[in-house]
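What follows is a pair of complexes built around subunit A, which joins subunit B in one and subunit C in the other.
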Partner chain A sequence: MTSSGATDARKGGADARLRVRLYVAGRSPNSLAAIGTLRAVIAEFPAQGIAFKLIDVLQTPERALEADVFITPMLVRVEPPPERRILGNLSDRKTLLGVLGLEEANHG
Partner chain B sequence: MAEADGPMTELASLRQQNELLRQQLADAAQALDAFARGEVDAVVSPGSVNPVLLAESQAQLRRNEDLLRAVFNGSLDALLLADDRGRYVDANPAACELFGLTRDQLLGRSIVEFAAPGYDAAASYRGLQEHGRMRGEFPLVRLDGTRRVLEYNATANVVPGLHLSSLRDVTERLAAEDALHANRAKLEEAQAIAHVGSWTAGFLPDGSVEWSREGARILGVPAGAPMPLTAFFEIVHPEDRERFRHMSHEAIERGTPADIEHRILRPDGAVRWVHERGVVERDAHGRPLRFVGTIQDVTERHVAVEARRSSEALLRIAGRMARLGGWSVELPEARITWSDEVCAIHELPHGTVPTLEQGITAYAPEHQGTIHAGFEACVRDGTPFDLELQIVTATGRRVWVRAIGEAERDPSGAITRAHGAFQDIDDRRKLEDQFRQAQKMEAIGRLAGGIAHDFNNLLSVVISYSELALDDLGPGNPLSADIGEIRRAGLRAAALTHQLLAFSRQQVREPRVTDLIEVVASMKPMLGRLLGEDIALTVLSPHPVGHVLVDHAQIEQVVMNLAVNARDAMPLGGKLTVELANVRVEEAYVGRPRDVAPGRFVMLAVTDTGEGMTEATRARIFEPFFTTKEPGKGTGLGLATVFGIVQQSAGFVSVYSEPGHGSTFKVYLPRTDRLAEAAVSEAPTAFLGGSETILLVEDDDLVRAVACTILRKYGYHVLETSNGGEAFLVSSDFSARIDLLLTDVVMPRLSGRRVAEQLAPQRPEMKVLFVSGYTDDTIIQHGVLEAGVAFLQKPFTPQMLLKKVREVLDADHRRAEEAAR
Partner chain C sequence: MPSGIAGFDQIAAGGLPRQGVTVVQGRAGVGKTIFGMQVLPSGLLDCSEPGILVAFEESAERILENVSSFIWGSGALLQQGITRLDAQLSQSVEQGGEFDLIGLLAIVTAKAKQTGAKRVVFDGLDVLLGYLTNPAHVRREVFRLREWVHGSGLSAIVTSKTVRAEDQAAADYDFLQFMADCVVTLHHRISQGIALRFLRVAKYRGAAHSSNESPITITSEGIEVAASALSEVAYPASSERVSTGVARLDAMLSGGYYRGSSILITGAPGTAKTSLATAFAEASAARGERTLYLSFDESPAQIVRNVASVGIHLEPFIASGVLSILSRHGRAENPEAHVAHLRALVRASQPLNIVIDPLSALAQRGCEVEAEVAALHVLDLAKSAGITIVCTSLLGTSQPLVEQTELAISTIADTWMHVSYVSQGGERNRAITIVKARGTGHSNQVRELVLASDGITLAGVYAVGGDVLMGTLRWEKENEARRTKAAVESRAALFEQKAEFAPAETDAQLEALARARAIQQAELRQLKAIAAAEVSLHTVEADQLLQLRRADEGPTVPPRPRYESEPTR
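This part shows the complex of A and B:
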């Protein structure tokens, strides 16, 4: 898994409870918005040890197709199962936190 | 899921499945929402290599819509959307204001309701739908009846079924344009009447100039089209182009208002004069924006002005050359106008406006009464005047003028003005004076010459007898002293008559080519004695001077007389300078008499530091017998002699003198290119007597007697006769040889010359010696002795007579001796 299009988020390590992949289309506006929002949430919940991979479909479209991702930006929760997906620029914070199993009250 | 599990397990499983489905549903709903909101970027499809980027998101669409709405509402132009039937479905605030209605009132109404009577709005609307676009003017009548003119721009089906119109109220603009148009028409008419055009120009390098119709007409170029500035420069006449460029430059750089008259070379080849005025318009920072101005065709005026100017110039030139001006006096206030030349004659600045009194007092005091009376009579009863008077100029010079005047009357016969001419006639008067002076001198000269003839005979007798008596008495006799006095008086009288003859140009001259420097140098010791110790003599001849053709004795007399004159002007001592120089006398040289041709001269100047002379004295100094010395101290012949000798030598004399500042006499003698001749050395005559036979012819008894006495005393055999006839008889009766005919020249009936001619054939060996106190052209041509003719000037002393006789008798011997050597 060392393709040039992917970047492993080392934070949290391989044993992290929460693993996500974000599929983006280069520096398109919605993709940039999604990346920014996800990073902000990861920084907001450091205790959760969220690991994420960024996949650029313009660089490696085949990896998107492997994961049945047809439209970007797309966030895929890989761990814990079941797999959950959020389409769009992650502007709906409530949905994002819900899918990631995080609660507003948890952070202090 | 195992079927063996219990219902609880199944229920949990179902719940779990349900939860999963619910989550998937939620995810799907979220995905749809996100898609709808345009939060997606790209679609990855298995069929194509590259993902497809979505160009516009829904959000952008929405923003565009907002933008469009803002533009629609914010537009200053009225914007209206109408449906297919022409009913308004949307209108912006500007439209509402234009129609004078609220949006609600406006929507649902049709364009047809607002068209002015006679305008088929329905047809226009159909035309719009047919053609897709349309523009034009629309006469609007508001519901309250007010009328406006609109400019519209309509597009059909901006959205299917909707048609957009953009409307603008141009009522004021059209009115302004109408007014402008009317003004421009008036301006053009005015320009055409006044022949004044106008222009507006941009600036170089690619500026252009726009001409009004009249401006274009003046230039002869088509009206309407702007012309490049470079093309206009081509129309400016080549000779005026530099001046024109300079003017433009000054106007742009310095803000000088442009004002220039120049020629143009029209495309049809015509050359016209135009007058242009212009100013540079500038922005708030002073930067030039454009050049605006007027152009006027001034060719006719220019031609007229030129013609007048050239005729005035001619008049002025003529006036200047003739020293002739004009004057006028307006009555009754006596306002004087002087032309430039009148001012110049008075040596006053041009434009001087004198009073009548100043005009009168400009005349010499002794002439003021005359001009005053003349002018008074002229303005009183119209008597014209024509006077020659002297004025005193602003610098104090006296100048002869001719003042002519006449009166001018108005229709009623009253004298309103006097006017006339004023001419400087000083030169003419001076010439006339010169001529009068010359005539006077000539008359005096003739008189003096006549007297001198008789005097010379008497003096010959007086001198000769006193010498003979002195010889006879011997030195010890008490009578010797008295007779010596008689002899001296006779010699003085002889010198006087000699000078008189020199003055009257009847002296016999023997001109030789002479170097004046040598003459003056040889005279220096004698001049020193003459001047005395109190007068310092300086001779200046810095460069060699040319030769002149003069009689040595005469030129010595000139120098002597001038030196004596200078000495007498310096009774208390001073300096006398004799200067020699080559000069070129030009045509215009002041003081050159008319009969002396200009050319190369040698100038001999004698300058003293004495009393000087007044103008009145200076005018008369060359007159014989004019003297400023006490009676008995001067003969009054010294300068007259100088005058006569110089005139006889084809030269002239000029005098410069001021009272108290000494005098300078300048003698000008014409140069000759011939080389100087060595003076003929006279052979010493040791023995004055002789035994030859002499035939003497002399009509004056006393002279004949004394001549006989002298000659016989010294051993000569003398045949004595008193006229030509007697001489022929004596000659024919005398058989022996006659060696010499000694004859007077001027005798009644037969002149000495004729006597000599008639005796010559019979006596070829006989020599001839003429004697005269007076010369005429029987032996003298133009005052010069003919070659080979011997001559003795009366009065003579016995010594002179004997010496000359011996000389003539021995001439052949000497020639023979010289030939033998």
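This part shows the complex of A and C:
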């Protein structure tokens, strides 16, 4: 991970179909794992144009408070509505893909 | 750190560990959240320490709503001084792997910096930890929390549910206990439909604490720990006497009860315990002293009416507000709740005297020990405040649990009087015995208690063959005594009269003798005169005779005539 603080890591631009925010706590193992997994998935599904924003609550706790995020890592799917959330380091691939609306079949 | 929980600081080394972790454990509904929430406003009010509430189970909003019925739970105070963090995970949040508390603690740290908070409550941490599937991770997060607390300068209260009973809690998150600086366990049990709540300080690192189980109550003031301050007996001792309301009983007790002492009146039903208790209440109120009468048997109106028949009139004192009679159902609540209620009343009205009629109402089947402890707390409450307390209690019934309570109370009561029925000569009469009266010379004799329309009194003592006579037998004895007294009196009057007249009689005799003597002396003088006259006559006659004879042989003196009556000289 190269970003620190609230880092815009847009991959799909403003008109992206899928917009997510990942709230993490610094470089803790769970945070790093979540970031790694999410990046891998984004890379895996380039066609989806997933836009993702990384928020480090150690740097900007108020951003987490605004979103009612207290436990990290937390992935919030902002678009498309309704908002959906995944708690944890995203090691559960099935849940991650389910929440993001991605089909395993799309891949490969 | 003062906890704000009445009585808690006494059993827990003066309060909660500052900059430490206190874990509050217990099953659902035992008052864990209340415990935590009571600490926050206390911090605000007593120490000007703002607080943070991190809610994992219910929403912070709901928690505040739930505690708003407590006097410290008033909206404005909590809204302003307590930062609310709703960290509960909604149902829509899906779990996709392991997580940690790093982010949460960072947020709390930021909030604490912003608000200057010193106290933080993590309510329902078990709910969050329940999402962690790996026990090792649970342990890791708990230790993370502790490290964070120790480094943050905050004092943390962590509440956590246990599924099992308190004594088996070790299996659930036992490491929560290991890592905590202080562990408070709460539990309750239902006995005869009445909830009994307890608190125990299971652990307090580096501090002396009582690890006894203490009864607690939840009142409008929140959790109240019935601290066993009894471990230290240091009450003020007054030598002032207050009337029992029965003049002759005062006399028996060398002037009455000691002010600030505790008095236990035991007896079977109908033995006039209430009458004795109300007599005390009346006398106290008549001195203008605020008096609280707590009845578990009868309604205030009933009491007033009933004791009026024995010449005890409470209405004017109730009207003037100096006497308050309150009635409660003994079985309505657990024993300690009654103590808490009484404590609140005492705080509110600051009475000088309390009557509890009967204290044995606290004793309910299934919570004998609690009743005993509660009764001790009642006496302790009164004594530490210097309040004179009169408790009545059933005794001599076939209820072992009542007896048990009595045993405990009677040992710490200062004065213990027992009223019983005595069957004698085909009658049942009330007999009163002063079983003990600390620091008081008291009659050890059984006395008859007489209830009359003009009041209560004790009858005189007529002991015959080791028994004190009562009722009709006493009346007969009294009559007999009256007769005897009359006889003795009349005899005494006779003697008195005799004594009065005897000197006069003697005087009269003396006078008569003196008169006789005077007469004798007069006669004597007369005889002397006669004798003298005769002598001189005789001498003249002799001279004349000589002259007539012209005798030259000289004058001769004829022998003097002798009179038998003339005294020899």
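A few remarks follow.
Everything that follows uses one rule, which is that the second predicted complex is superposed on the first by the 104 of 108 C-alpha atoms of A that agree within 3 Å, B and C clash if a C-alpha of one lies under 4 Å from a C-alpha of the other, contacts with A are read in each partner's own complex, and residues count from 1 in each chain.
FYI, contacts are C-beta pairs under 8 Å (C-beta built on N, C-alpha and C of every residue); 3 or more make two chains touch, one makes a residue touch a chain.
The structure displayed is predicted, hence computed values, not measured ones.
Contacts of A:L58 after superposition on the shared chain: both subunit B and subunit C are touched.
One of subunit B and subunit C touches more residues of subunit A, and that partner is C.
Touch criterion met: A:R84 reaches subunit B and subunit C at once.
Touch criterion met: A:L75 reaches subunit C, while subunit B stays clear of it.
Shared-chain residue A:S28: touches subunit B and subunit C both. In the superposition on chain A, A:A40 contacts neither subunit B nor subunit C. In the three-chain superposition model, subunit A touches both subunit B and subunit C at residues 24-25, 28, 30-31, 33, 57-58, 61, 64-65, 69-73, 84-89, 91-92, 95, 99. Interface of subunit A with subunit C (complex): residues 23-26, 28, 30-31, 33-34, 57-58, 61-62, 64-65, 68-75, 84-92, 95-96, 98-99. Here subunit A touches subunit B in the complex through residues 24-25, 28-31, 33, 57-58, 61, 64-65, 69-73, 82, 84-89, 91-92, 95, 99, going by the rule given at the top. On the side of subunit C, the complex with subunit A involves touching residues 54, 85-87, 89-90, 92-104, 106-107, 109-111, 128, 131. Of all residues in subunit B, only 20, 23, 27, 30-31, 33-35, 37-46, 49-51, 53, 57 touch subunit A in the complex they form.
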